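Two complexes, one shared chain (chain A), two partners (chain B, chain C).
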Partner chain A sequence: MARALVNVPKRARMGEIIEIKALVSHPMESGYRVGLNGAVIPRDIIRLFTCGYNGVEIFRAEFSPAVAANPFMSFSTLALESGTLTFRWTGDKDFEVVETAEIVVE
Partner chain B sequence: MIEAAEPHSGARREFLVRAIHVAAGAGFALLTGASTASATPDMLREAIDELLGGAQARPGRVRLEIPPLVENGNTVPLTVSVESPMTEADHVTEIHIFNEKNPQPYVMAAYFGPRAGRARLATRVKLSDSQRVVAIARMSDGSFWSDSADVIVTIAACVEINE
Partner chain C sequence: MSARILLALAAAAGASLALAADIPPEQRRSAYADMSPELRAIQDDDAANPASLWVLDGEALWNEHAGAAQKSCADCHGAGGALKGAAARYPRFDAALGAPVDLEQQINICRTERQKATPLAWESHALLALTAFVARQSRGEKISVAEDPRARPFVDAGRRLFTERRGQINLSCAQCHNDNWGKSLAGAPIPQALPTAYPIYRLEWQAMGSLRRRLRNCLSGVRAELWPQESRNYVDLELFLMSRANGMTLESPGARP
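So, the complex of A and B:
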C-alpha cells in the first residue's frame, strides 16, 4: 500500500498564502529500463495529481516518466475557508491514493 | 507532431521500446552511450511548438531554479516561479517543464488558478544526461513566458539497468 505524506498548516489567517507539500511513495518506473532478463520493465507511473479545497480543484499536475520516484509536489493556495484539502494521485495499474488534511481559517 | 507532445502516445513509445530492445540485444553498453532512446533538441523544439501553437514564448517573468551540477540524475530538485499578481484578471494558468535528452521531451505540466495566490511549484525530476531544461508559463491573457537552465549530470538517471 502506497503511503502519502502531506503538509498543510493546521491554522491560517483568512487570505493568507499557504504552502502545501505532498509526497507519495511510488517507484515511477519509466518504462525505458531493461531488466536482467533483457525485457523492458513495463511503465508504472503516476500520471495525475490533484488537490481539492472543499471540493474545488485548486491545483493539478500531469506527470511523465521524468518525474522522480516518490513524487514530491510543493505549491500554494489562498486560505479562504476552514475545511478539507483532498489530495489524489492516480496512475498506471489502477494506482490511486487519496489523502486529506484539515485546515482552520480564522 | 502530436506524438512528441503527448506523454502517453502509442507510436513513439512503441518505437522507443523497440529501440531499447535492439540496443539490449546488441549489449548494454549501447544503451549508455547511444542516443536511440533519447529525445533530441528537435523533439524538444517540436514539443514546445506544439504547446505554443504558433505563439512566441518570451524570455522573462519565469524563474527556473535547478542546480547547475547534480551528482544523481535520479532525483533533481527543481523550482519554477512566475511573476504574476495571480488575480482573476491576470494569473498564470499553466506551467510546463521540458527537457532535451530524456527519452521523452515532457517532464510535467501543472495547472493553476487565481486561488493559488502565488505561481510557484517545486518538485523532483529525473535527468538521463547533462542537458537543458526549459520551463514555459502560460498566462491568463494567452501569452507565454519562459526560462531555461543547463544542468550537468554526473550520474545519469537509469535508462539502462541499474540493479
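So, the complex of A and C:
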C-alpha cells in the first residue's frame, strides 16, 4: 500500500511564507544489503520528488540510497495564488505516487 | 568482625535490596522524555510521524469486508473513534480463554471468530496498521490494565519473567530497566521499560513494530533464546510492563530512536 500524507495550510495570506510537509510510504531498499540467501537485494528507492504549484515546479529533490525508509520532506514557499499543489514521487520499479492539496490565498 | 564493617555490610545488603525494587511512581517517566527535541517533534506532529501511514492503512482495513462472514470491523464497532480508550486497557483478561490477550491477539480473535477470516501474521503490515489505528484512538488516555483480579496471577508470572536472569549475558530485564535506567548502554539511554507508546515507529527498524518485537529485540540483546511466537510469556510480560505504567498517558503510536 503506497501512501502519501501531505500537509499544506488550507488558507494563507497573499505573500505569506507557508510550510509544506510531505511524507510517503516507501521501503528505500538501498541495493547494498545482502539477503538471507547471500544474494544482494536489488535497489528499490525513490529517485525524484517534485512539488508543483499550479503547474509551476517550486521544489525538487533527488533521493539517494542513503535516504531512510518512509522519507519526510519539509520545505516552504510563498503563497501567491489560490490553486493546487501537486506532489509526485517517482522511483525504481515504476514507483509513482501523486498527491494533491488545495490552498486558498486571500 | 567490627561493628563498623557489619554496619557497612548491612548497608550494602539494604542498598542491593533497594536496587531490585520497582521504580517509585513519582520517578516514572516515558522514554519520550529522553528523546531529542527533533524526535519528539516527529511524535507530536501527525503530519511528520511515519506511524500515520500505518494509521491510514489501518483505517482502510477497518472498513474492509473480510472473511467468510464478509463483515468489516466497522460493521460491529462503528466508524473510527468507537474504540477510544480501549488500547489503554490492553492486555486485558479474556474470560473465554482464561488468560490475558494483547491488542494484536484481540484483533485476531475478532478476525477468526466474528469475520471468520484467517488470522493476520505477527508483525504483518495489516496487523500493525489495525493496531496503530485502534491505539491512535486512545492517545492521551490513562493506562489502566490488570484491574481484573483474575489477571493477577499473570501479572505475577510477568514479574517473574522480568526479574529472572536469562541469556549468555545472564541479565534480567530488571537489572537494566529498574536498576540502571537513565544510564547509557552503547550510547543510548536505558529506558524504564514503560510501554506507553506501542505500536511504535522505530527509526532503527525504519518501520512500525509491536511491543512483542521490542521484547524479542531485548531477548536477543541479552543473547537469550527467543520464545516462540505462540509463547504465553510475551503476553504475561506485556501485561506486567503495562501494569507498571498504570496511570501514565498512552502516546500511541509513538516514534522512538
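A few notes on this one:
FYI, the second predicted complex is superposed on the first by the 105 of 106 C-alpha atoms of A that agree within 3 Å, B and C clash if a C-alpha of one lies under 4 Å from a C-alpha of the other, contacts with A are read in each partner's own complex, and residues count from 1 in each chain.
The rule is short, and it goes like this: a contact is a pair of C-beta atoms (placed from the backbone, for glycine too) under 8 Å apart; a residue touches a chain by one contact, two chains touch by 3 or more.
Just so we're clear, the structure is a prediction, and the values are computed from it rather than from any experiment.
Of the two partner chains placed by the overlay, chain B and chain C both lie in contact with A:F72. In the superposed model, more residues of chain A are touched by B than by the other of chain B and chain C. By the document's definition of touching, of the two partners only chain C reaches A:S25; chain B does not.
When the shared chain is aligned, chain B comes close enough to touch A:S64, but chain C does not. Look at A:N7: by the touch rule set out above, it reaches chain C but stays clear of chain B. Under the contact criterion defined above, the residues of chain A that touch both chain B in one complex and chain C in the other are 28, 68-69, 72, 74.
Across the complex, chain A meets chain C through its residues 1, 3, 5-7, 21, 23, 25, 27-28, 68-70, 72, 74.
Residues of chain B touching chain A in their complex: 7-8, 13, 16-17, 20-21, 24-25, 28, 31, 37, 74-76, 99, 102-104, 106-113, 115-118, 120-127, 158-163. In the complex of the two chains, the chain A residues touching chain B come out as 17-18, 28, 30-36, 38, 40, 47, 53, 56, 58-69, 71-78, 80. By the touch criterion stated above, chain C contacts chain A in their complex at residues 42, 45, 47-48, 50, 52-53, 56-57, 60, 125, 203, 206-207.
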